[in-house]
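In the two complexes that follow, chain A is the common piece, with chain B as its partner first and chain C second.
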Partner chain A sequence: MTSGVVSERTAIGDPVSNAPVVAYEKLEEVFEDIRAHPLFDHELHGCLNCGICTATCPSAHYYDYSPREIVQLLWTENLEGVYDAMQEKIWSCAQCYTCAARCPFENSPGGLVMIMREVAIKHGMQSAKDVLRPFSRVLLKVISTGNQLAPNMITREAFPDWGPNVAKVDAPLNILRKAIPVPTMHTMDTAWEVNLKTSVELYTIWEETGVLDQLETIDENLFDVVSDVMDEKRDEYNEWLEEQQE
Partner chain B sequence: MSRPVLVVGGGPSGLSAAHALAAAGQRVVLVDKADRLGGAPILSGYAKLVPSGEWARDAIGGMVRRVETNKLVEIRKGVTVKSFTGSPGDFRAMLSDGKTVEAGAAILCTGFTHFDSVNKPEWGFGTYPDVVTTTQVEQMFSSGKGVRCPSDGREPERVAILLCVGSRDRQIGREWCSKICCTVSANIAMEIREALPRCNVYIYYMDIRTFGLYEDLYYWESQEKHRVKYIKARIAEVTSDGKRLLVKGEDTLVKRPISIPFDLVVHAIGMDPNIDNMTLSAVFDVKLQKHGHIEKASTYSNMSESSRAGVFVAGAATGPETIDDSIAQGQSAAMAALALVRSALLEAAE
Partner chain C sequence: MDDKRDEGGSAYNGFGAEWRPANLTPSEARAATSWVETRIDRRSMLTNKDRVEDVRDAMWQLERDGEIIVHRIDDRHEPVVARTLYGWEKRIPTTNLWQHKSCGQCGNIPGYPSSVMWLMNKLGVRYLDETDQTSCTAWNYHGSGVGNVVSLAAVFLRNFHQAYMSAKAQGLPVGTYYPLVHCGTSFGNYKEMRIFLMHSAELREQVKKILGKLGRLIDGKLLIPEEVVHYSEWLHVMRHRIREQQVVDVSGLRATIHPACHVYKMVPQDVIYDETVMDGNRVAVSTGLMQTLGAQVIDYSTWYDCCGFGFRHIIGEREFTRSFAIDRKIKVAVEEAKADVMIGHDTGCITTLDKNQWIGKAVDKVYALPIMADCQFAALALGAHPYKLAQLHWHASPFEGLLEKLGIDWQKAKAEFEAYLEEVKAGRIETLYDPKRAITSGPGYVMPTSTPSLSGAAS
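Right, the complex of A and B next:
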């Protein structure tokens, strides 16, 4: 670039929207994070614009969401469109991957949405915060115990926030769980009671894989709570170790 | 006198090669695994051909008669080649009926196999009787019975033709374009509109490849003269509400999924490599290319050569091909084979 010439990139904005203007550099940064994802080239090979993904997509029936549009935005490197889709649309995907099973090019629109969600979280987008807020209790349980719930916990009393529909669950879940043809370690009674060593190992995984960083970006309060739980468990574990040495 | 040329397969390219060789005074042994000659256009009962509009039984049937009445062509029907040994100018073929053919060269005109739509179960073939293939529609025309819904024999009022069934689909390992289906579908659509003026015909496509001179004669004319509707969408599923077929696709303009009712759904099936290609590859010691078609040795210098000297190849054996191009390739391979057997003859005389 010629010295002295400053490239003036005007920020991109929607003239009929009140949404704050997003700097072009920010759009580039977000897109580059998506494209640099190790799975990106595996999920996107090109696009014939045939629409079989959208035709088969259950979410497209109910929401303003089209997997073909997601693929096209990424393939044509439409930075504004990609950023815009991350504000709401990507959270409509149910991650069923029927699109990937049908695409004649073997693209995976569902996989691309997964990447976009990761990047939305990394950038602390408000859409990610809004979507995940109702799940803070689930997140707390999954992160602190490694699992969310056991079948016998699904009762109206245990989940008042799930609304009246939870009362309709009257299947013999304990029996059904025993019919699962893989070992379930009989966790139905002990789902939230996790071995100390397992817990500590789990926390290491959360830290090493960046899950905790993501949580801190998205929900600082929950991060604080989880950190307290982790510290507590680690203290307990260290105490137990010391006891063993004595 | 030179040894005959063995022509394997009696479809358009094989008939063309046999005729060309005989016209040049060369003896030919023509073998076909079927009990009649003509190949796919005759055996599968094609109706009017692109681009001439002639009936297959007249056009290809004429080629069959021309070869069958030629004294230089010896025809063995209902047999296959079991082994093929020797070298250029001096080959020996063992046939399935136990007989032996000594040949100076061979031309593989072994064609293709129609894609079996059962391999795309979500499109309803084999589940719903009113989901048919382009081949079946050809048969409806060539039999004189006309296009009817197989379930109850009624005249369809709404027909959907789905393109690229068994083509351009990595999910099922068919990564090639079958080349002919767009034009064939436009042709069929116009024929349906002529036969049943009240019937609406819709063609669902990813791209339209009515290549070369077929653009205006088929793609444009089917729209301008026959009001065939082209919709850019790949269909996700064909289901039924109990009365009519439901075709689930995306309206790509408004980006919304839609379900549309139809009386008849037609799969524009593609051209697979011949199901016998693995056997042919072993018997004739010729290589197959990546998709399973018989590999051509050279694109430019000698287009009829296979990977084995003295064994030539023509027509849809090398990949999806039109009838008229198959006929041209049959002649081309005949010329290459003729040059070989004549030079072998000259060498023997010296």
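Right, the complex of A and C next:
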């Protein structure tokens, strides 16, 4: 983001903040990426400022966040406001889509937030990196295995606020998993057993759709780890294919 | 900076610089709220829209134009017709189902999918649960923004292509199995992706290129499902058949329903409503099942609120998740509806509402409301073992009192399960189906020597 930071008088900054000012060109570039998103016109049709979205928004109860404000900023092309909202506010949205279901204009503020999150990642905004740091465990799991959640991720250390009764029968996790009567779920590292060929196919999807580039932008170390896992699994699959030909 | 506080001292945030407090009197505020509530509590809240389109029209046209192939729901799937938000028909397949599992359910609430499959065994429904499938990856996308419409659409059509092809591994015709989506977020996401794919030639081209590399096209074309079907829709159309096998009286229970956002707020026009279920003013799934089983379904003022899961918040900002779950759902269900149980039909909701009660003790918000999925409750009503099958020991909320109200001896059941764990340690494991059927290609796959009977029963 430093490439977009300037100190000239033409730049736009916050007079009550120590944050460095951001060049107008950078603000335009970010906004154009939002507007050029293939779903932008699907998610925004107009706005009467009625506020029904904010009235029903769970995040508005607890955060300085309003879906009405997000829609207004985009509809009025308020470049500074859009950029500012991308630093923190967009990460408050709980993605419930109550706003979208109720908007008389059929806008989807939740969908617009997703576009802004994608663009925040594309531009490598530090705010996106910071907010996604606790999510890295999940990113590693879903990109390297195709499963977002694994049984061995649910530990008392990771979720102390869930209390002492998360497991009501005292037994080793691997035994409890085998006691599930669904054979594909006798797993610890993934939610279900994922076919090796399936994982390899998924890697192609990640590569072809730029998902790995997104990952590298927000967390280079995580990208390296995921790349190693992908290489190992591809080697394993290729070895199996060679065995079949022998 | 303006003081954004009303006369009562409540703070309001996020409304923008132009916002000013209205400072309504209590009676004015009550009148305004009532005006809103008479509208938000109605199905019409979702129907007064200008741009209503049945995407299936575009889908059939694209098939006529030779661009796509539609995976049809046919006689093999014994469909039952349901009606959606605008009264449109949606055909729900009832047998030969491909279990499209949920990562959150399988990882954290395993009694959820096991109950679905157990009910299918009980009803003689054929199905396939296999390893060649990934998560929809939409939980990750909605939480992090990592991913995009092309990746989500490609994952969607890869998984559904596998569902279409899977029967070949058993020597059966392609298309025999129809995908049944377990997760609410997968359901909402896949329905959105189907719309985007039908609207955008560019997206179809991008996805086609990727699936071509994977060998996941049919005659060089994308395969699109006739319907995206959620398991709760299957339960809904099967509810009267389920009732026929009920052995536990549940009429003494007061049940609240948490309708899942990604089930009924994403692509709302494709959600089942039924005039016989809450006068058609609530999504019919789960509520219809509970009423058919004989439970008292109690409406409550925050029924439409989300659970607080937040996708990102449940991982990294749980203060929001647990506050919202307790204040807007659990507290209301307990104090207003006097509920014995809250029933849901989605992964994140069950996790959030179940796991975030204990922490309430820290702020003197002490609640103990059992939380489970509709399929788990239905399985219990049909006599399923609460531990071995419904796997309730993975739930943090206290279900023991609920079982007592149902006349189920949970202490005896727990002792039976603990004894079973010793059998498991010795390698004597009971399963709902033959594990060999779960691998349909790649390492571990064995070509069947004869055409299987397609039995969904345990073996």
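Note that in this section the second predicted complex is superposed on the first by the 195 of 246 C-alpha atoms of A that agree within 3 Å, B and C clash if a C-alpha of one lies under 4 Å from a C-alpha of the other, contacts with A are read in each partner's own complex, and residues count from 1 in each chain.
Definition applied: a contact is a pair of C-beta atoms (placed from the backbone, for glycine too) under 8 Å apart; a residue touches a chain by one contact, two chains touch by 3 or more.
Just so you know, these numbers come straight off a predicted model, no measurement behind them.
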A:84 touches, of chain B and chain C: first, second, both or neither? neither
Partner chain in contact with A:102 - chain B first, chain C second, else both or neither: both
Touched partner set for A:50, first chain B, second chain C, both or neither: first
Partner chain in contact with A:66 - chain B first, chain C second, else both or neither: both
Which of chain B and chain C A:142 touches, first, second, both or neither: second
Superposed model, chain A: greater residue contact from chain B or chain C: C
Which of chain B and chain C A:159 touches, first, second, both or neither: second
Interface residues of chain A shared between complexes with chain B and chain C: 51, 54-56, 60-61, 66, 68-69, 101-102, 104, 106
Interfacial residue positions of chain A with respect to chain B in the complex: 48-57, 60-61, 66, 68-69, 101-106
Chain C-facing residues of chain A, complex: 38-39, 42, 45, 51, 54-56, 58-66, 68-69, 72, 89, 91, 94-98, 100-102, 104, 106, 114, 117-118, 120-121, 128, 131-135, 137-139, 142-143, 146-151, 153-154, 159, 161-169, 171, 175-186, 190-199, 201-202, 204-206, 208-211, 214-215, 218, 237, 240
In the complex with chain A, residue positions of chain C that touch it: 13-16, 36, 40, 45-46, 48-51, 101-108, 110, 113-114, 117-118, 129-135, 137, 139-151, 154-155, 158, 162, 188, 196, 199-200, 202-203, 206, 209-210, 213-214, 216, 261-262, 264-266, 268, 304-306, 308-313, 315-316, 318, 320, 322-324, 328, 355-359, 387-389, 391-396, 398, 414, 417-418, 420-421, 424-425, 429-433, 435, 438-444, 458
Chain A contact footprint on chain B (complex, rising order): 122, 164, 168-171, 206-207, 232-237, 248-250, 252, 255-258
